[in-house]
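By written order: A, B, C and D. Residues from 1 in each chain.
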Amino acid sequence: MAESLGVAVLGAGHMGADHVRRLDRVISGARVAAVADPDGERAAAAVRGIDGCAVFTDAEAALAAPGVDAVLIASPGPAHEAALTAAFSRGLPVLCEKPLASDSAAGLRLVDAECRVGRRLAQIGFMRRYDSEYRELKALLDSGRLGRPLMLHCTHRNVSSPPGFTSAMLVSSSVSHEIDATRWLLGQEITAVSVLRPRPSGGAPEGLKDPQLVLFETAEGVVVDVEIFVNSGFGYQVRCEAVCEAGSARVGDGHTMVVQSAGRAHEEVAQDYLVRFRDAYDREVREWVDATRAGRVTGPSTWDGYAASAVAEAGERALESGERVAVELAPRPELYA
Amino acid sequence: MAESLGVAVLGAGHMGADHVRRLDRVISGARVAAVADPDGERAAAAVRGIDGCAVFTDAEAALAAPGVDAVLIASPGPAHEAALTAAFSRGLPVLCEKPLASDSAAGLRLVDAECRVGRRLAQIGFMRRYDSEYRELKALLDSGRLGRPLMLHCTHRNVSSPPGFTSAMLVSSSVSHEIDATRWLLGQEITAVSVLRPRPSGGAPEGLKDPQLVLFETAEGVVVDVEIFVNSGFGYQVRCEAVCEAGSARVGDGHTMVVQSAGRAHEEVAQDYLVRFRDAYDREVREWVDATRAGRVTGPSTWDGYAASAVAEAGERALESGERVAVELAPRPELYA
Amino acid sequence: MAESLGVAVLGAGHMGADHVRRLDRVISGARVAAVADPDGERAAAAVRGIDGCAVFTDAEAALAAPGVDAVLIASPGPAHEAALTAAFSRGLPVLCEKPLASDSAAGLRLVDAECRVGRRLAQIGFMRRYDSEYRELKALLDSGRLGRPLMLHCTHRNVSSPPGFTSAMLVSSSVSHEIDATRWLLGQEITAVSVLRPRPSGGAPEGLKDPQLVLFETAEGVVVDVEIFVNSGFGYQVRCEAVCEAGSARVGDGHTMVVQSAGRAHEEVAQDYLVRFRDAYDREVREWVDATRAGRVTGPSTWDGYAASAVAEAGERALESGERVAVELAPRPELYA
Amino acid sequence: MAESLGVAVLGAGHMGADHVRRLDRVISGARVAAVADPDGERAAAAVRGIDGCAVFTDAEAALAAPGVDAVLIASPGPAHEAALTAAFSRGLPVLCEKPLASDSAAGLRLVDAECRVGRRLAQIGFMRRYDSEYRELKALLDSGRLGRPLMLHCTHRNVSSPPGFTSAMLVSSSVSHEIDATRWLLGQEITAVSVLRPRPSGGAPEGLKDPQLVLFETAEGVVVDVEIFVNSGFGYQVRCEAVCEAGSARVGDGHTMVVQSAGRAHEEVAQDYLVRFRDAYDREVREWVDATRAGRVTGPSTWDGYAASAVAEAGERALESGERVAVELAPRPELYA
């Protein structure tokens, strides 16, 4: 594959700093070429230890920096329109954290701007589409095996809301994930919205209408209910059940997708160890690379390899003889203490 | 962080080729510097499209190639001793797929060789230690919250065994994962092994003693039972239940770890979206980087961002008014068709 | 306890015949004294084999039969008002299958009639209140451990609807169970109802608006959503999740009640074998009584008792010796073949 | 059906008194005709409120009492042989709590005695055979759908052991249930037993070897492992997983039976409300009969029936209109306060 991708990251707050770490340490084929934040010290802190990364307080300056091939926007929502416009004018591909912009009017201006460029440049950060459970659900719905979808039942719970969170933000900020997930899972636009407001929880800040039941209707008549409860006190929980003509499927309940059809509730089981342990293999090699670059050796040792084979050999003798076989190990060297 | 790590991969079979892909495409901070396989064409195929990667039929030649900082051994087990010995003599850090070597005698020679070097160089590929479920179980046992472990109940099932798989290999190859997991989870050596042989399944090849019940006893008196069933016909399933003085905990059953204590069976729930969706964020950025480097734009579009904000605004009005609010979208541009 | 209760059963259809069997064979302390059905042959068939049970085609005549202490109404809904009125005028206690009457006006007339009697005589057949899962949920809500309830999410699915089932009957007949369950679980009246109609399933009969999403608001501001789907094709499934200020609890998902609070999803575990196996003990004795009255002996035999003790004795020797102990059984007599 | 069955209950301890209550209050078609206990006061207390029941301190005298058609033995194990022998000599059918007798020699004498009678008279109280989960598992195994059984994995946990419980009793008393369940589920005799003893739990009384891993081999080569842990401190938990040639099935985990085969883990879902709510119907009618005999009326009232129909009618209007419809209830009479 070609040269690594030089990315300018705009915004060095919680989310921006996490993306800097991700681009630098987790994702192969990318490097952080520039970081911009109005708070220059915050920007500098985020890139500490990254060679050849320029730091800016001005977003547009970062886009113009040498080696910048693409932009990741993690600045606050109100800054998105200017940043996207600048990226579009330079023809730079963008990954833009949600929301797209401050409101739908600004969003429509950005749609126009990108259309004038004439090709897609922006990917919006609705990350539910990348969650493995949601992908599995989407694949099942697309397969048609359960017939057409009729309803979605969604739950979206947070432990507690941050300071300044308003009743409207339950819909505009929290439920925006379910808005995108609904449009994506169903491949349909949402045509109407209703909101029911139960009495507020005693655990919510005074005056906050929390929880709410948000209802969507879609172009093809699917009805979607969303429980949004941002002060559940319980945990972060995101669930979705799709009810279809020939069965239903549910994700987000702490286990693999449950499909209900024809009198059975079932879960699929991996058929292969590379599937079941894919993440473990990635993590194994990542930790090895990280440790090795840092001059350390960790993980299972040569001693562990020896001990495993000594036990296995005792096991083979036990299998043959039908008897209990004692395991004799050599003395353990200091090196593996 | 320093220069990327140049890795020589020995063996370009199923596992080796997967590791080449992983080092090249998934793991940041590493590059494939050399690949060796007695079958030179297989080696060449594995590195197609990777710039600056040398190909060899001889393992030792690969270790000597320029830019090689470390070695990943994915060749067949009988080749491991020579490869590890060569890496040790060059002082190269190694990640070696299991098994360590052909038998425990060879394993002990490697232990001696590494001790002569005087520092650890090798990490053995027991990848259960990197599985998130097993890690969670290990952390719980180490916390002491459940008291001392008394028993482990393990299940290890494959769909079917490959050609040439023998009764002894159920123990030496398959159960070697449980051998390492037992030693690692408990921090104790295994002191005795017994094997019970039920009548073989009609689904197993003629003559194969499958399944088996393998029993371990450990230095501190823990009893471990392992069902190994390599022709279960069912799926790839790896489970482990640790029975302790004050409760038990179970992983591998298709849901998050279940802990039983004091009259309750419970599962922990994530408290934070960065924890719950960590993998989704990684995948989102990885797919964006990959697509961008390939000159493509995929994923949620500017239109999706606009539509989400238009729906959210309708939702806010519905919340305020208590009424159903219709959503009006601008016409959808061709670009997002 | 006193004399057994003589019951007149009105209606000998599916439900009525099942209640006749239940009173005769399952419930101690009761006997079927009379059965009435306009179809006299159906009534006669229902009581075949029951000694001393009179058969009628007229309901009121059955109430007047000798030995009738109470009435169980299982006739069609339109017949309920007359039957209840007759029972009230005789001062007979009644168990009346749902619905109470044809409509709420008739219901109110019955309320008045019972008030004129001056004491409660009727128990209505909302049997969710007797389901062990619903009872457990009710007890949890009443305990206040989860704080005040804010929402209920309900699912009610049937495989398919009977002939003649109308869109309105999804609400009036099927959802009436959730209406009662809501009022009972929450101890509040329902103050408003809304219904959302997704596009009908292709699996529903032409013209039937199935499924529907029915929404209740209660006197203290709880919001309840009910998925009613009578042609799910999947199964009979009744679920209820109560969302409260300090956690949520769910029943009906094929396992014991799941309570979510403070970062954990948990299930209670029985502490005692009499609790865990209560139903088994009842069934054991019931089958023994039934078999014995019929002159048969079934179930575990003396031979099974002997074999169990022979194995247990081998087990005790194995425990002492640490060795495998073979079990020697006496020859099995013909009687237990 | 014929006359009710007059039962003599021997032993009025915990178990005996529970059986007296069961025969009197739960099981139709039976009546307690006599109770015997060496402690006459205990016997008298158990039958308080039961008309026409004779009380004895001598078991044989109870068997000879008028109206005794059958015997339920719930006295201590050492008394069983004499009681069974007396019942056999009188030709009385017996339900005998486990164990059959003090040891297998006594058991064999009873086998001989029953053979001399020439027909089966005794049913032994292995109540796992009457548990609905175990029955479901047995039916699945018998169906052959999963092929031949190869292994059983069993767990048997108690919160804590009673005073005087010995290491041998873990096998002879607790595991006797798994001994019978193994023989019954598999339809095979057990041919050998081994016991592994992990280090004892710190939660077990000094000197008690708890937990243990008990291993059975059967006549057709099935291997069975049983974790017996009588001081688990956790709860009463009984699980069984049957591993077969074409899949496995598991009961006892707090949800309906899970069957694993062909890459899926699935649970069956009820198809019918009479199946799903069978126990609720029984309980409903039982509570009605009990309350009515006691001169009380409980459960859902006429008011509840009226309120349900008023809400349903609002729902029907909401369905038609597509609007939210307020519910108007008449004032609630005092009678239903």
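Here, a residue touches a chain if its C-beta (ideal position, glycine included) is under 8 Å from a C-beta of that chain, and two chains touch if they have at least 3 such contacts.
Per UniProt, the chains are A, B, C, D = Inositol 2-dehydrogenase.
This one's a predicted model, so the numbers in the text were calculated from it and none came from an experiment.
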Between subunit A (Inositol 2-dehydrogenase) and subunit C (Inositol 2-dehydrogenase), the fewest steps along chains that touch one another: 1
More contacts between chains, B-D or A-D: B-D
Chain whose Cα centroid lies at the greatest distance from that of subunit D (Inositol 2-dehydrogenase): A
Centroid spacing, where centroids are CA-atom means, of subunit A (Inositol 2-dehydrogenase) and subunit B (Inositol 2-dehydrogenase) in whole angstrom: 20
Approximate Å spacing (C-alpha centroids) for the pair subunit A (Inositol 2-dehydrogenase), subunit D (Inositol 2-dehydrogenase): 48
Intercentroid distance (Cα basis), subunit D (Inositol 2-dehydrogenase) paired with subunit B (Inositol 2-dehydrogenase), Å: 44
For subunit C (Inositol 2-dehydrogenase), residues that touch 2 or more chains besides their own: 159, 197, 215, 234-235, 237, 254, 260, 263-265, 267, 269, 271
In the complex, subunit B (Inositol 2-dehydrogenase) residues that touch subunit D (Inositol 2-dehydrogenase): 147-148, 150-151, 153, 155, 159, 196-199, 201-203, 211, 213, 215, 217, 220-223, 225, 227, 229, 232-235, 237, 243, 245-248, 254, 260-265
Sites on subunit B (Inositol 2-dehydrogenase) touched by subunit C (Inositol 2-dehydrogenase) in the complex: 260, 263-269, 271
